[in-house]
Amino acid sequence: MDIATIFGLITGTCLILAAMFIEAMGGQVPLTKFWNPSSMMIVLGGTLAATAVGFRIKEVIRVFSLIKFVLQKPKYILANLVSELIGAAEVNKKGPNELEQHITNVKTPFIQDGLEFISQGIKYEDLESILNQREKSRYKREVHEAELMKTLGSVSPAFGMVGTLIGLIMMLLGMGKGGDDGSMAEKLGLSMSIALITTFYGAVLANLLFLPFAEKISSRNKENTVCGELIIEGLELIHQKKHPIVIRDMLNSYLPPMERKSSEA
Amino acid sequence: MDIATIFGLITGTCLILAAMFIEAMGGQVPLTKFWNPSSMMIVLGGTLAATAVGFRIKEVIRVFSLIKFVLQKPKYILANLVSELIGAAEVNKKGPNELEQHITNVKTPFIQDGLEFISQGIKYEDLESILNQREKSRYKREVHEAELMKTLGSVSPAFGMVGTLIGLIMMLLGMGKGGDDGSMAEKLGLSMSIALITTFYGAVLANLLFLPFAEKISSRNKENTVCGELIIEGLELIHQKKHPIVIRDMLNSYLPPMERKSSEA
Amino acid sequence: MDIATIFGLITGTCLILAAMFIEAMGGQVPLTKFWNPSSMMIVLGGTLAATAVGFRIKEVIRVFSLIKFVLQKPKYILANLVSELIGAAEVNKKGPNELEQHITNVKTPFIQDGLEFISQGIKYEDLESILNQREKSRYKREVHEAELMKTLGSVSPAFGMVGTLIGLIMMLLGMGKGGDDGSMAEKLGLSMSIALITTFYGAVLANLLFLPFAEKISSRNKENTVCGELIIEGLELIHQKKHPIVIRDMLNSYLPPMERKSSEA
Amino acid sequence: MDIATIFGLITGTCLILAAMFIEAMGGQVPLTKFWNPSSMMIVLGGTLAATAVGFRIKEVIRVFSLIKFVLQKPKYILANLVSELIGAAEVNKKGPNELEQHITNVKTPFIQDGLEFISQGIKYEDLESILNQREKSRYKREVHEAELMKTLGSVSPAFGMVGTLIGLIMMLLGMGKGGDDGSMAEKLGLSMSIALITTFYGAVLANLLFLPFAEKISSRNKENTVCGELIIEGLELIHQKKHPIVIRDMLNSYLPPMERKSSEA
Amino acid sequence: MDIATIFGLITGTCLILAAMFIEAMGGQVPLTKFWNPSSMMIVLGGTLAATAVGFRIKEVIRVFSLIKFVLQKPKYILANLVSELIGAAEVNKKGPNELEQHITNVKTPFIQDGLEFISQGIKYEDLESILNQREKSRYKREVHEAELMKTLGSVSPAFGMVGTLIGLIMMLLGMGKGGDDGSMAEKLGLSMSIALITTFYGAVLANLLFLPFAEKISSRNKENTVCGELIIEGLELIHQKKHPIVIRDMLNSYLPPMERKSSEA
């Protein structure tokens, strides 16, 4: 479980609720007034509808699996990948049969596939082209997912505004019909507050949920890209039968200075 | 038919109408007040006029065919293209005559053209240059279409604002002429609501129609680009007379892991 | 004459005037109130002044010739360029003297220059470098022109706001000085309406004039870039003395499928 | 002196003052009310402070020299550079000694340095690498300066808003304390006008000063880049001892058609 | 210590406080009204929570070390790096043993590592690949940090708005409940001012703290990139055993004209 995401979501929601509670105390207004199903319907429904127009049906359903995905731990840890690749390089020096037996010990599927190709004696150019293409395809798929989230994040405040406009127009159309000054102010205040709740929903959904989730998917994609590049370089060096020490020096360059593998690794 | 787009459009429109209906109930205001032909005229007309200034007349007409296009199913399915190309590669090993007879079985026009060039014995560099140029031209044409939609989407809220400004200025010019307090508030409310309806039209058109359609065209373009790259790589490998198994491994890299063709294909 | 641009400008202006007329009818306000020379002065003058600060004096004057330019027909038609280049390729097979005589029949100056270089026996690398550099320089000049228009389009709403702020501040400074409630509301309404007219001018100028013109210049630049690439590839193929049929196949890739030259051309 | 910049600054300032004067006449409000030192302090001071946080102290001081720089004439004229380079090419054909004596006649320092390297018999790759690196470093320095100006331009409206918020909050806190209706409206109007003056300052500074200056620095950078590319290509051709006519044809491609050097040059 | 950042932060804060003080004097409002813990809680807490959703927990903690980092002096000075590299080049001409002894005199860790590789007789391609990869990894890490700051800067005004919306809705819900006109205006003013304070906090945090800090990290990254390129080119030239004078000429191209090392260096 990725604690930061859960923690951020809960903290953010609590902070907003706490601020609402404090203000509601001061103004002697029940907090329940903040819940308005018709406003939520137009913001969340409209946002999903507009996204459904721009994307495919299966991509819209995928939104929910994406939410699961951003809560997961990162798939790879850079330093572990370096160890796995150096291990495979040492085995590969013994021969292709030893390498083939070693594959089952490797945990990362992408490295497994690469080692299988190498043990089957693939040509260097073919290996290079296949691995790079896979990476490129994965990258494009994940960029597309981040875009879907960004669309949700940019459309939800717009539908918040659409809802507020509907409320405002209704309020203005009903203006002047009320009786004396006091009751009219009260009526106007109520209509206006309902109108603004839609803007509020749109702003919270975008800034606490959709945009940070888009950022998360985008961050993960960048991490996966670095891992992908490291794995590809590692596999290419193994195919070239470079010495494990050279491979270690090469792959260490992907790590920040303090995480680099020392010489005796 | 692309269900997501239709579904999104209908759902979005219904949600907005429902929210308007609920609010209209509460405020005892007839829903018909939301229909204002002069506001629609300035938003839709102004948006199309501004787009006509920036693009060519035939491109503006094309807007309507674009609407048809975003409702269609995707042209290609990646996995089918891989099968077609592997099939052609196997036939090509028998000889150019067999390949020529096979072309009529191929359904994708772009692959057909490529196989025809190959069966006529085109040079590798010429094949590469022709196929890449075609793809580049298609890409540029589709980017241009997405830009036209984006222009519609960014211009329509602006014309919504222009209409609102006209209404506001009119309202302000007529201010203070009314009689007592109550009737003036009613008059102001009415004028202001009409002014805001234009903003409302601009926001709905942009966020439910134009911007999601631009996104859709842009998504389709990206899918077509991936297909184009896959077809070009496949045809180049066929020209190089690579073994079908190698071609399968190469083209599989374009697919997400679970859709890859297995060895016995 | 480019009909779309003229048509868009006239339609857009008429629509805005019509909407103003309809609203003016309803509010019994003379339409002439919408004309305010001091507002126009600050928006148009301020926009041109700010652009003059950012660009050179001769570029600011050029704005007017740019307006002429966006009304012109496109310089090149892709299909015609392909015909001209295939024609030149056929003549070139006869020899450099025939080519030199043929140059006067060619209408496009860029092709003419290129053929002259070829008939004079220029080296391939030099031809490539000269043609590409010319294209690059033309591209940069036109991008610069589109930027000037975009600057006008982004600065004019800002000066609209500056004018509105001046009006608002003046109005607020004069507030409370008036007599009874009715006349004060009238005075405020008038001041406020004048203030908003400046915003209105800025929004119309930007969205109906400057931004669509910037889009047009940018579109034209893209079309010219495609033509330039086609001409350069054509001339290079002629220099290489490729067979006209190969040249036709190559250049056809720049055209959309239905416009491609058939084999018997 | 660059007339356009001076002219634009003076015209823009005059237009704004004139509009203020006309409005002040109508509202019988003294123009001096527009001068508010505390508003200027927060906008200009806050903008410089925020820029100081983001950049280095010497870069902030450099702002003033940048203002001087945008008023200067352009450093290079493309057509003159072509002449100088063709001249140097002709001398170089006579020998390195003649070239060395010729250097003092050359006015452009970058060409001088390049010719000195050539006359000392530098290797072609070293010449290429040194010249390109110099250009790249100059480009990066100037991009950085344009960014500093853009930061000023984007931060100043933000501090205008901060100042307005302070004024608004103060006004709201003091609300309801005043006596009768008339005097309260006057007090509110005054407080609000002072609050808005800060927004006004921020908008004028950004749109008439900082953003156009950023545009100017950016324009100059682009011109310098074209000149740099032309000089580098020219010097490389001289090192290759290409014929002056070929050099003329090559460098002419950087000029717009009507400025190109004719054959007899 | 980086004086500009400290200076900018203190000056900016003082200017805002001074402007608040001047306004508070005029309106006879205590300055303490500007401090509202619940507003600060929602802006700062909400911003950090949303950032925690989008980034990892350790990256959120790192925010504080980033604040320390932007106050530090720049790590490298270009001119010193050139001297160090020329010194190493002179020693390297004597032999690898002398170079190894010289390494301890070198202060920059990146140059040290590079010289160690050279003295151990690494292959040129391996050196190139390792150094470039390290630079690329450092660049990506620092870009990621600047993005985290930018996220803070773009999210904080959004949470300022969320807080203001909560306050506004509360105010509107309580409207019309008060007694006579005077006390209601006072109540409204107070509620509204509290609502706006949240916007004020969001704007100040974004424009004086987060965005300039993001700019600073981004600036530092660009400086480090130039230094990294210079060091890599220097080390490569040393590996190629180029003459120190040539290395001086090459590396001088990274410096602005007045800082270049003269011939006798």
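Points worth noting:
Every chain is named by a letter (A, B, C, D and E) in the order it is written, and numbering of its residues begins at 1.
Just so it is clear, a contact is a pair of C-beta atoms (placed from the backbone, for glycine too) under 8 Å apart; a residue touches a chain by one contact, two chains touch by 3 or more.
Since we're looking at a predicted model, the values are computed, not measured.
Steps from subunit A to subunit D, minimised over paths through touching chains, total 2.
Among the remaining chains, not one touches subunit A and also subunit E. In the contact between subunit B and subunit C, the residue numbers used by both copies make up under half of all numbers at that interface. A separation of 39 Å divides the Cα centre of subunit B from that of subunit E.
Subunit E has its Cα centroid 24 Å from the Cα centroid of subunit D.
Among all residues of subunit B, those that touch two or more other chains are 184. With the ring opened at subunit A and read toward subunit B, the chains come in the order A, B, C, D, E.
Contact residues of subunit E toward subunit D in the complex are 2-5, 7-9, 11-12, 15-16, 18-20, 22-24, 26-29, 33-34, 74, 182-190, 192-193, 196-197, 199-200, 203-204, 206-209, 211-216, 219, 222, 226, 233, 246, 249-250, 252-257. Against subunit D, the residues of subunit C that register as touching in their complex are 38-39, 41-42, 45-46, 48-57, 59-60, 109, 117, 126, 129-131, 133-134, 137-138, 140-141, 144, 151, 155, 158-159, 161-163, 165-177, 184, 191, 194.
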